[in-house]
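You will see two complexes here that share chain A, one where it goes with chain B and one where it goes with chain C.
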Partner chain A sequence: MTPDARQIVFENVSKFYGEVLGVNKVNFTLKPGITSLVGPNGSGKTTLMNLMTGLIRPSRGAIYVLGLTPQQPIEFFRLVGYCTQFDSFPTGTTGYDFIYWPLRLHGFAHDQAAKLTDEALQRAGMAQVARRKVAGYSKGMRQRIRLAQAIAHHPSVLVLDEPLNGLDPMARAESIALFEAIAKQGMHVIISSHILEEVDRISDRVVLMSSGYVVAEGQIREVRREVRDHPMQILVRCSNAARLAAAAFELDHVVEVKILNDGQGVLVRTRDAEQFYLLLNKIVSGGLVEVDAVAPADDDVNSIYQYLIGSDRGPA
Partner chain B sequence: MSAQDLAARAQEWAKEQPWRLYGSQISILVRNELRRNLFTRRRIGIYLLAWVPVLVILTHVIVDRNHPAGSPQIEADTQVLAAIVQLYYFRLGIFFACMAIFTWLFRGEMVERTLHYQFLVPVKREVLVVGKFLAGSVVAIVLFETAVLACFYLMYSRFGSTGKSYVFDGPGLGQLGSYLLVTALACIGYGAVFLALSLLFKNPIVPGVVIMGWETIAAIFPAWAQMLTVTFYLKHLCPVTLPVSGALAVFTIVAEPVPPFFAVLGLFLLTITILALSCFLIHRMEITYTAE
Partner chain C sequence: MPVYKRRYNPYSGTLTPQWSRFFVLTRYAFAELFKSRFFVILLILSLVPILFFAGYIFVANNKTVQLLMQVRSTGLFLVENEYFTTIMIAQTQAAFLLNCWVGPVLIAGDLTNGALLLFLSRPFSRADYVLGKLAVLGLLLSAVTWVPSLLLFGLQAGLARNGWIWSHLWMIVPIVLCSAIWILMLSLISLAVSASVKLRIVATGVIFISFFVPAGIGEMYNSIMGTYWGRLLNFTEMFRLILAKGFRQLSGNEIPVPAAWGVLILVCLLSLVILNARLKAREVVRG
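Moving on, here comes the complex of A and B:
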């Protein structure tokens, strides 16, 4: 297969650490946009990211990032930025040096490297403390300086391992806005995170992982539709909840209907959402019920994750 | 000019002039390595290894300052200096200093969990090996050359005009040149060995001790086996033969002399071969800090 120069391709990738499975038979193709890797500790998220960036080599299979492999480091790492989870820094380095020197290794002259360093520090909100030693930074600042280093050379693929860890709500919102801005420029942003609410909101697609296997992959709604054996929950805010509940109960595919505590709506669990929406349209057009809002209640990452992986604690 | 333009321009430059890029990367790696890791207080043990003989000779000079020092004494002190260089520096000082300096270049970064930063920049891993090796070599050579130079100066300065005459009109200057050459070769030879060991083993200390044993007993093996040691080449370049006998002769004996040119070339070839092995090993290296 010819690697696509715009996509990230995993071809039957397996990684074993001796007898221990890292990931097994991973196959997927990622298009530009924000992709979230979701799964509990040890599910293989970091392994996938390390494989993608060449920090570890696959035991089997092949990985292409924009048609390149990490065995071509000069071309590869101009296009890829990786913010790892390792919270360690070269001894004695300042925030500025931490970004400036890798840029010099890219081949940028002093002036260019200095300009890009200042820009990255600005984008990560670290310009004020850049001349201080990283050893004196808080956890959130260390996270942001790593992010600044990863984005400094304007990569086309940004890989971020738990990038929101340790950030306060303001910094988290700023980082998310930054990821969205990067993705809007047609770039790849690959994020692993256990802050599902935020991942859910910003992701174009998800890769759900469990015990080294990819259990589902695609757009969140598509993935949700694939989970046929789990009834979908639909929340309807309406005027005559009892009437709607009665009508819904008559349908075979509806397995549960709950009237909300305030009496202003129902929560329906159905195996065939499309049929339920047809019913709802009929009831609304018949004037029996006035509907204020309809929304799927469980097509977020957390619900899908729990359906697929069956963990009550959710991903970590 | 936008950042994308800058990146595109840097990419073009790298494509057009890869060797200039490699050269610039090596120079940056050497500078960073020197600044961050090598000339620091943590390295005080290595400085001591280099400067202990200097302190011993200085003490000797101070204690003996009232005793007359004539030509016979110069000959004796020349032998003492040869013993310091050949038995202490080549066998112990440079050996252990190179073990500390060169094994730390990669293994230290694994321990401190910072090696991934080096693997995530557009630098070929071979360039990384060469950059780190050169940084280690600069430190070891500067440290031990100055120490040998200081030993030499202290040893002959106390003889006044006799000493000056020995150095500038006699064999002294030639001996100094040989010692400096051999010291530099010892640093790069042992450096290459320990760099490779640090990529082969998680704990390179035990293999280092094995290498030390091999360097010592190789003298009793055939010449082809001796060529796989660093000391084989160094011994051929030493300007003063030590009149030692018994077990110590193993350290100085030269069974089959070879011309100095071949000795230098041989050591360079050995170093390049070991560095090539290091380049091969670093390609297989993975970042698995939890296994450290």
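Moving on, here comes the complex of A and C:
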């Protein structure tokens, strides 16, 4: 297979640490945009990121990042920016040095490295404290300086391991805005996060992982449609809830209908959402019910996570 | 599917040559080292003997000063191969002490803080990393060994007459070559220790141990077995053997010089094996 120069491709990738499974038989193709890796502790998210950034090599399979493999480190690492979840700082370094010196390792001359450092510090909102030692930073500041370092060399693929951890709501909103801006420019942004609400809001697609396996991958709604074991929940806000509930019960694929406490709508669980929407169209056009709003109630990452990975294990 | 503007362009300007990147680490390490007052004092102290050696050379070549000092013996101030051997021994010992202070922190700090991950997720290999750290010790120890020794050689050549320089030109080779093997061995040992031991004081102790304990074991072996091959474990003695041979002096040692070279090269290789095992972008814990 010829690797696509705009995609990240994992071909049957497995990674074993001795007898311990890291990830197994991972196959996916990621297009530009924001992709979230979601899964419980030890599910293999960080292993996948380390594989993607060439820090570890797969036991089996092949990885292509924008057409390059980690075996071409000079070109490969120019494309990739990695923000780890670990506090990895050389002793006594300042925020400025933390970005400047790695840029020199990338091969930028002094002037260019200084310019890119200032630019990255501005984007991450760290310019004011750049000359302070990283050891004196708060957790959120450390997170932001890591992010600044990851984006400083203008990578095409940004891999962020738990980038929202430790950030206050304002900083989190700013970071998300930054990710979205970067992704809209055509970059790959790969995020692992356990803040599922935000993952849901910003992700173009998700990769759900459990015990080293990819259990689902794709756009959130597509993934939800594929989860047939769990009927879809549809919330309808309408005027005549009892009438709608009665009509819905006549359909075979509807397994549950619940009238909302305020009587102004129903929550329907159905195995065939398309058929239910057709019924709803008929009822509305017949003038029996006035519909204010229709919205799927469980096609978000949180629900998919619960259905596929289980509610007994907390996300990581 | 979102519509992307695709206006993002990665940097496409000129970059510094790949081969020179390891110097970034070296420059950074030197910047950090020179912040330490103790290091600066230690470096100056390492160079103090050079002043005395230079003074000696000056006196040896100045009859007026000798007369003022009422030196009557003509053979008292001789600057020959024995003298340069003494310079080399003194300066390589100074290099050893300097190495014990600087070496242990070079890699340990990065390992403690997980900084290897940062370095190795750049267009920067493990070999570049080791080379960058090795260059720190290489440059530093050169500054107290072969560089001042060559300057003293130049001073003597300038002050001496009767074509001294031409009859002693061969000494440049042992000055550079013996310093090089000593620096390489010291640097690799201390980097290997630094990659294995995080505490500076312990690491310094381990470097001392790595020199003195094998030497002690070697002597025990000699006593028990009634042989002299145990000396192969005395790295300092092996170096001095090479040094004596290089400066055309009789050592009276039964160990062949190629064997001494072999030992020092073996120690270097062993250190590289340890570095290879310890330096990983990600520490993999096998369960």
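Methods note: the second predicted complex is superposed on the first by the 313 of 316 C-alpha atoms of A that agree within 3 Å, B and C clash if a C-alpha of one lies under 4 Å from a C-alpha of the other, contacts with A are read in each partner's own complex, and residues count from 1 in each chain.
The working rule: a residue touches a chain if its C-beta (ideal position, glycine included) is under 8 Å from a C-beta of that chain, and two chains touch if they have at least 3 such contacts.
Predicted model, so just to flag it, every value in this text is computed and none were measured.
Q: Once both complexes are superposed via chain A, do chain B and chain C end up clashing or fitting?
A: clash
Q: So in the superposed three-chain picture, is A:119 touching just chain B, just chain C, both, or none of them (first/second/both/neither)?
A: After superposing on A, A:119 lies in contact with chain B but is clear of chain C.
Q: With both structures placed on chain A, which of the two partners, chain B or chain C, ends up touching more residues of chain A?
A: Between chain B and chain C, C touches the greater number of residues in chain A.
Q: In the overlaid three-chain picture, which partner chain does A:153 touch, first (chain B) or second (chain C), both, or neither?
A: It touches chain B and chain C both.
Q: So, does A:19 touch the first partner chain B, the second partner chain C, both, or neither?
A: second
Q: Would you check which partner chain A:54 touches, where first means chain B only, second means chain C only, and both and neither mean what they say?
A: both
Q: Who does A:204 touch here: chain B (first), chain C (second), both, or neither?
A: Touch status of A:204: second partner only.
Q: If we overlay the two complexes on their shared chain A, which of chain B and chain C does A:108 touch? Say first, second, both or neither.
A: both
Q: After the superposition on A, what does A:33 contact: first (chain B), second (chain C), both or neither?
A: After superposition on chain A, A:33 lies in contact with chain C alone.
Q: Between chain B (first) and chain C (second), which does A:187 come into contact with in this model arrangement: first, second, both, or neither?
A: Touch status of A:187: second partner only.
Q: Taking the stated contact definition, name every residue in chain A that is touched by chain B in one complex and by chain C in the other, in rising order.
A: 17, 50, 53-56, 73-78, 80, 82, 84, 86, 88-92, 101-102, 104-108, 112, 116, 153-154
Q: Can you list the residues on chain C that touch chain A in the complex?
A: Residues of chain C touching chain A: 1-2, 4-11, 13-18, 21, 24-25, 28, 32, 109-110, 112-115, 117-125, 281-282, 284-287.
Q: Give every residue of chain B touching chain A within the complex, in rising order.
A: Of all residues in chain B, those touching chain A are 3-4, 6-7, 9-11, 13-14, 18, 21, 24-25, 28-29, 32, 36-37, 40, 112-114, 116-117, 119-125, 284, 286-289, 291.
Q: Can you check the complex and tell me which residues of chain A touch chain B?
A: Those residues of chain A that touch chain B are 17, 50, 53-57, 73-78, 80, 82, 84, 86, 88-93, 101-102, 104-108, 112, 115-116, 119, 153-154.
Q: Contact residues on chain A for chain C in the complex?
A: For chain A paired with chain C, touching residues are 17-20, 31-33, 50, 53-56, 73-80, 82, 84, 86-92, 97, 101-102, 104-109, 112, 116, 149, 153-156, 182-187, 204.
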